[in-house]
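Both complexes below contain subunit A, partnered by subunit B and then by subunit C.
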Partner chain A sequence: MIRSKITGLAALGATAALTLAACGGSGGSSGSNSSSTSTSYGQGLTSIINPSNTPSSGTLTFDLSNTPDSTDYQNTYYAFMWNFVRLYSMQLLTYKSCPGACGEQLVPQLATGPGVPSNNDTVWTYHIKPNVKFENGHTVTSADVKYGVERTFAKSVLPNGPSYYQVLLKDNKYPGPYTDRAKNVMGLTSVTTPNATTIQFHLSQPFADFDYVVAIPQSTPVEPAWDTGKYGGANFQLHPESTGPYEFQSYTLNKQITLVKNPNWNASTDTEAKQLVNKIVVNLNVNANTVDNNLMSNYADIDMAGTGVQTAARSKILTQPSLKGLADDPISGFLRFAYINTKVIPNVHCREAIEYAANKTSIQDAWGGPVVGGDIASTVIPPTVIGYQKFDLFNALSQPGGDIAAAKQQLKLCGKPSGFTTGLAYRTDRPQEVAAAQALQASLQQVGIKANLQGYLSGKYYTDFAGAPAYVHAHDLGISQGGWGPDWPDGYGFLDELSNGNTIVPAGNTNISEINDKSINSLFATAAGQNNTAARTAIWPQIDKKIMGMAAILPEVYQKVLLYRNPNVTNVYFDRPFGMYNYAVLGLK
Partner chain B sequence: MAAPLDISPAQAEATPEAVIQGAGGRKIEGRSLGEIAWMRLRRDKVAIGSAIFIVFLVLVAIFGPFLVQSPFTYHPNLINPTLSGPNGAFGGISGAHWFGVEPTTGRDVLARVVVGARYSLIIAFLATALAVIIGVFFGLIAGYFGGWVDTLIARTMDVFLAFPLLVFAIALVGVVPNSAFGFSGNNLRVGLLIFIIGFFSWPYMGRIIRGQTLSLREREFVDAARSLGARGPYILFRELLPNLVGPILVYSTLLIPTNILFEAALSYLGVGIIPPTPSWGEMLSDAVQNGYYYIDPMFMFIPGLAIFLTVMAFNLFGDGLRDALDPKSR
Partner chain C sequence: MITFIIRRLLVSVLLLLLVSLITFAIFFLIPRLAGQTSYSLAAQYVGRNPIPSQIRAIEIKLGLNEPIWVQYGRFVKGIVFGYTYSSGPSRTYCPPPCLGYSWRSQQPVWPQLTSNIPVTLSLAAGAAVIWLVSGVAIGVVSALKRGTIFDRLSMGTALMGVSLPIFFTGQIALLLFSFKWQIFNVQYVGITQNPLLWAKALVLPWITLAFLYSALYARLTRSGMLETMNEDYIRTARAKGLPERTVIIKHGLRAALTPILTIFGLDLGLLVGGAVLTEYTFSLHGLGLFTIQAIGNSDLPEIMGVVLLAAFFIVIANLIVDVLYAVVDPRVRH
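Up next, the complex of A and B:
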């Protein structure tokens, strides 16, 4: 079953994989050739730029305009960190290092193969490679993987990471290894280790997407002995135990991270990462415009945040052909949209009027235009996510300026021909979202829908305001701006939190539209128990169409980012699962 | 030591040395304090220039919004969507858009500056009025009565001065619902901003008035009034207050620019006027936070210049007014 899933994905990314094979085949020699060849705009989306396996004695420099939530792989939820931790960690499964759709395939990294489900998808078994070493030379065992999973339960010490294991595993009351007194007992009963190379996860309900869960860095092995004393608990991030090609040399909080080669890493057991430079330095808290300047003047090699260049650098890059050839403009996999609340605006025709009236072009401009804002969206699932199917219910693509006639028609059907008034929530500290909310307001005004802008600070947006249904009802917030990026690139990761009826919670709600539709809920249940990848993938567009049919989400843009690649860096390409360049394989000329 | 007196009776009937005759033979009339101050002010060209500018600004704020185009109309055809910036030089300045257009949206900058002037000035004036009323009242009472009343009020003022105002403002704007006290939307926000700014700037006025009252209450005319049987309220508002008009006027004028800047700061932080209604601070904040100043410096320059000129005009006029009313404090 799972095998068919992997092949299905491979078929999807066949063209990209061929490109990879072509580049990868020639190895080091092509690296030296490519130094003279110029690259073109967007080339990093489909092929590897400067492919090379030649080690360099140089230092690879990352710049970051803020700080990571944590460098502890069990305690981070930032996409750029999930990408970066692959330099010093191995997971059971990981994403294949290749451009395009090929990169969305899961491949075994620490495990010998994909998970083997049994008992109606509630027990997942993985066998791990017997000869993988930690940075201290100790051999990785299944108990170390289990200890890593146990750490994710210690939310009071390590609060940042996702909670998939708590949600999915049977033993969801486990307090975490720091409060679990009997250390040698290994208390998490839902994960068993029959022998040193086998690990089993016991789920409370069928979950066909479990392979994606173990591909999250939280499945990284940790020796219990390392997680004590100086580098124990919250301080683990100062020197996370490495199984990857590099290991921590130093970490000065808020300033700099230095990684050096891990002598115990073996390229033959880890095919998805490369060890090509002597040292990696991450400079933290660098001004965002300085990061761009550093990249373009070769003081830095990679903008670690991966969210694209600033306005100033954008105009430089797009107006100078020499720089433009060094840039990529990918769809990041993130959707900008507006929730239309089905309880506050119960009549579907009123919601459809909003869908039709919205001026998608001016909203796109507000997000930054076609290059850094994104492509105008007509579906909930973006084109780079597994399960995307193109359709255009509300003429977003054919009439991007808004279909005023259809909107007025829907208002008549709704019984409010002269329009209505509703609240429009947005986050005041996100300038582009402020602009998008104003553009939406201005376009709704044309058909008589008066949207009162209600701004909130982003820190409390999901916990207290837009994400609190009681507040939403009391304040008549019919429309709320939102954004969504999936934890893994398939329809489940994208749609579940937005539209599954059982995800509506009193605070921290992400299903702000309050979609609780029987047919959608049952489709999710079917998908969770469906091991056939093709059949499961076919469910996602159905849910997408139902959400759009309810007019419960107004898709605005499939976010695009303008990424600049330093020409001195090798093996650069856009990695779809993370929405940025792949950090695990970079080298220097 | 005085020289010994040796005055003959003839000399006692002295005639005034100066002839009471103005230049050109006009008769000299007695001048009131106000007239003297006005005369001094008139000679201060900088102050008069500033005053003219302020009058112009007030007229713009009142009538301007009726004369300019809509500040809310999008002009997507004037914008380069790829770079987000306006087409054409200097932020898209043209015959139709004298100050250019806003990046991303193409809204007319002149219209937004003019409508923004209305909001910025309303908030600054009313907040100043609130601060002056509270400040003068408590300053008078503290200075006149002294004792524990003075201690209480003076310490309260210290508390207000030490209060992290910006944090409070952000929190308050965050918790107040979207409609309250019979207002909603932007009217409520304007009221809230006036309250926050006014309520937290009264101690500056209060301390000055308290100090002035402390010295005034020992003066002979107060003693005279008291000996005639006048009581507290009469002395406070009929004897002391008229003598405080000078400092009140001066410091109100100097408080207005502070409040304009404060409103801009709040808008900059996203807790000012609700978009799409323009305000100067909101325009500046747009220019900075979106990085527009790199691609379209005019968009930052114009609201910045408006704030700069307004604040400078009020400050110079306030200085001139102080020199005119109270030259000793120069």
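Up next, the complex of A and C:
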């Protein structure tokens, strides 16, 4: 999932906002803050704040500092949208609505149970609940789920979503339902519907994590008739057909979304979502600092991006106990790290020298410090992801200031005792990443490794520069700053795109280290065919250790964010799979 | 006079065509000359970890694989005749002036632009009235009371207004009047929906924007007035025994306002094209905020659209100023 980015202009206002933070007083006269609560800092990480099933006639207001990539559940890859679409959609499976590790469990939503694999785990069968309705009152059938999957193949019309179905299903040449509609609607042969409540996915090879794939919003059912005319294809985003507790009332592009109650939604068939308010309004393109102030002044209820408050609000919240009690600072599940390219720096000892020499404390400070920047990382898999196992191969935790002696030793083994020169790529429009790159450069300098900073705009970072291996080789980019959040919270979701050899592509490459190790590839293949969850989970730390053993990734911090919860909102808690509060269950006091 | 206006209009059309050509070259041609391929360009408009077929599909859909001149021709054709886009199961006609099809939102650019114009117009018009009235008035009084405390105070304030960036004064205004005292909640409402709420939502942006410009105009008016009031014809007017008010307003201010009018036309044209910082600070969904979003998304058709629209407004504002000039000074027509 793609975490929302703060635009460069947010930084523009940061200076002013910082200066003004002190002028802000005690948070003003807002009703929210004056009505002091008894909640404590971080309480939302492990328990539900203001638990309630009481409906309210109010309007729940979300503010968003940018815009969704799409409101079409088959065409979105933003983390906050995967969370938000659950308000107007149901998937075959979803994540259990509960705080902590409990929330990482997959549970049936539209389906009656988890997938049943057969035929050497290449056929996955799901049965659909019989009485689930669309917003127009029509009953959801397996054919509607199949049509939803078919839409994900129409990449020229719906380009944003992930490509799991194209990669995993047998007939990956299927063009989608929009060309030659008479032939292609229901023309995807690798998804079959033996009856109205049964759907089968035929994979080209075993894939044990398939339940996670059908929990992605792309498995939302769609009626073919809805996907035509005014709301067809690219325009579907203007009014996605709802199966969730709310439905679209209006959507003014780039400005505002309004949802109202879906009268045909039934709480008994959808236990993971709630319908507690009359209306939900999403204000788009709101200045990031204004979002924070709106939250604290009770003009808004939720910061939809879920990436934490800005610098000005951060200092205000952390210094005022009344506000601090309304905040949480979770590990978001996102890793900040540096790729160390195995082709540009082929000698493992040279790469290990980088791992040892990096001053993790100064890099952590660059990311915002231990409270809101993140915890110093020593593994690729973060602690909130299934498969995490703590280890510290390069003394990141025991010597966070850098192990200079070990680094020099590795340089000798590498045959370059006085160091070497390489490029260090980073994104210029991300101030913290710039600072992290500079901190890394300074710490490497101590052992004679000269890292030449090479800044690029984030829009083309993966397509043209760091994510284009030919460019990386030609420009000697041995190190590239990066960040990663998983599509689902287990080792496959986290590691595959970073370290599986078959993911290396000429443009848009996310395996920037160019890890193509037989033993790692083999472990991924083993995991794909391993149905036993415990056995599969045991594979992820093995891959993690191999990546670290290759010194192909320098983990920097397990990202933490500072989230503020409006005390008027009910059922608030941090939801691990999405790295933010769970939007599907919110209500108002 | 009519010939003059027609001549200016024709020049304006040519100018807009030139602007479109240059903008197109900047965003479409230069990246290619720098080595960017249509494939890598298309890769920016798909989700994370795209498979190659996904990128190819977008490359073809957006016409990026076609020669640059074909793409430009299609763009100009769309402006003149409109264009039909495929939205999947159906085809959508984008009537002229169709300024392209957004690569991010997959919607025609023109309706998105027009939906933002009322916000920007509301902001620019209200602020312009405030700054013109206050700026000129302060400038005149300062000039007439040169060296007094009023003059020093007003010019000091004007210096502050020019020096302080809008994102700073705007944040202060928001923090005090919106969040601390909760007098103005800046949630824009259309003037036709509720004129009172419309005005209430715009008070802070108007004042913030006008603070900058009125400071500038006060200084300009002051220096213009000081220069004019020392002219021989002012002395002659006084010698003729004209009342001081007539001397100041009819002879002094009128002459001093001529350069102000020119600058006002340009400023207003620029603002109507998008008051970027003000709209961003106050989260007003006008052309300025639309521009930021288009740039952030690297949405080239949207950027093209907003540049052309802004250029159009500036050209029109210049045209009006030229016409007004011609009215004031007939020599300009020749």
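Heads up, the rule we're going with is that the second predicted complex is superposed on the first by the 548 of 589 C-alpha atoms of A that agree within 3 Å, B and C clash if a C-alpha of one lies under 4 Å from a C-alpha of the other, contacts with A are read in each partner's own complex, and residues count from 1 in each chain.
In this text, a residue touches a chain if its C-beta (ideal position, glycine included) is under 8 Å from a C-beta of that chain, and two chains touch if they have at least 3 such contacts.
It should be emphasised that the depicted structure is a prediction, and the values quoted were computed from it without experimental measurement.
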So, A:Asn195: does it touch subunit B (first), subunit C (second), both, or neither?
neither
By the touch definition at the top of the document, which applies to A:Gln310: first (subunit B), second (subunit C), both, or neither?
first
Of subunit B and subunit C, the chain that contacts the larger number of subunit A residues:
C
Look at A:Asn131 in the shared chain and tell me whether it touches subunit B only, subunit C only, both, or neither; answer first, second, both or neither.
neither
Have a look at where A:Gly455 lands relative to subunit B and subunit C in the superposition and call it first, second, both or neither.
first
Given the touch rule stated above, what does A:Asp227 touch, subunit B (first), subunit C (second), both, or neither?
second
Check whether A:Asn289 is in contact with subunit B, with subunit C, with both or with neither, and answer first, second, both or neither.
both
Considering only touches as defined above, state whether A:Gly368 meets subunit B (first), subunit C (second), both or neither.
first
Which holds for A:Ala439: it touches subunit B only (first), subunit C only (second), both, or neither?
first
List the residues of subunit A that touch subunit B in one complex and subunit C in the other.
289, 460
Using the touch definition up top, name the residues of subunit A that touch subunit B in the complex.
289, 310-312, 314-315, 318-319, 361-362, 364-366, 368-371, 423, 428-429, 431-432, 434-435, 437-439, 441-442, 452-457, 460, 475
In the complex, subunit B residues that touch subunit A
72, 74, 76, 79-85, 104-105, 170, 174, 177-178, 185, 270-271, 274-276, 285-286, 289-292, 294-295
Which bits of subunit C are touching subunit A when the two form their complex?
36, 39-40, 43-55, 57-58, 60-61, 86-90, 92, 104-107, 112, 115, 165, 167-168, 170-172, 174-176, 178-182, 185, 187, 277, 280-283, 285, 289-290, 292-293, 296, 298
Residue set of subunit A touching subunit C in the complex reads 1-2, 7-9, 12-13, 15-17, 19-20, 23-25, 28-30, 66-67, 69, 77, 154-163, 166-167, 177-178, 181, 227-229, 232-237, 252-255, 283, 285-287, 289-290, 293, 296-297, 299, 459-460, 462-464, 468, 497, 503, 505, 507-508, 510
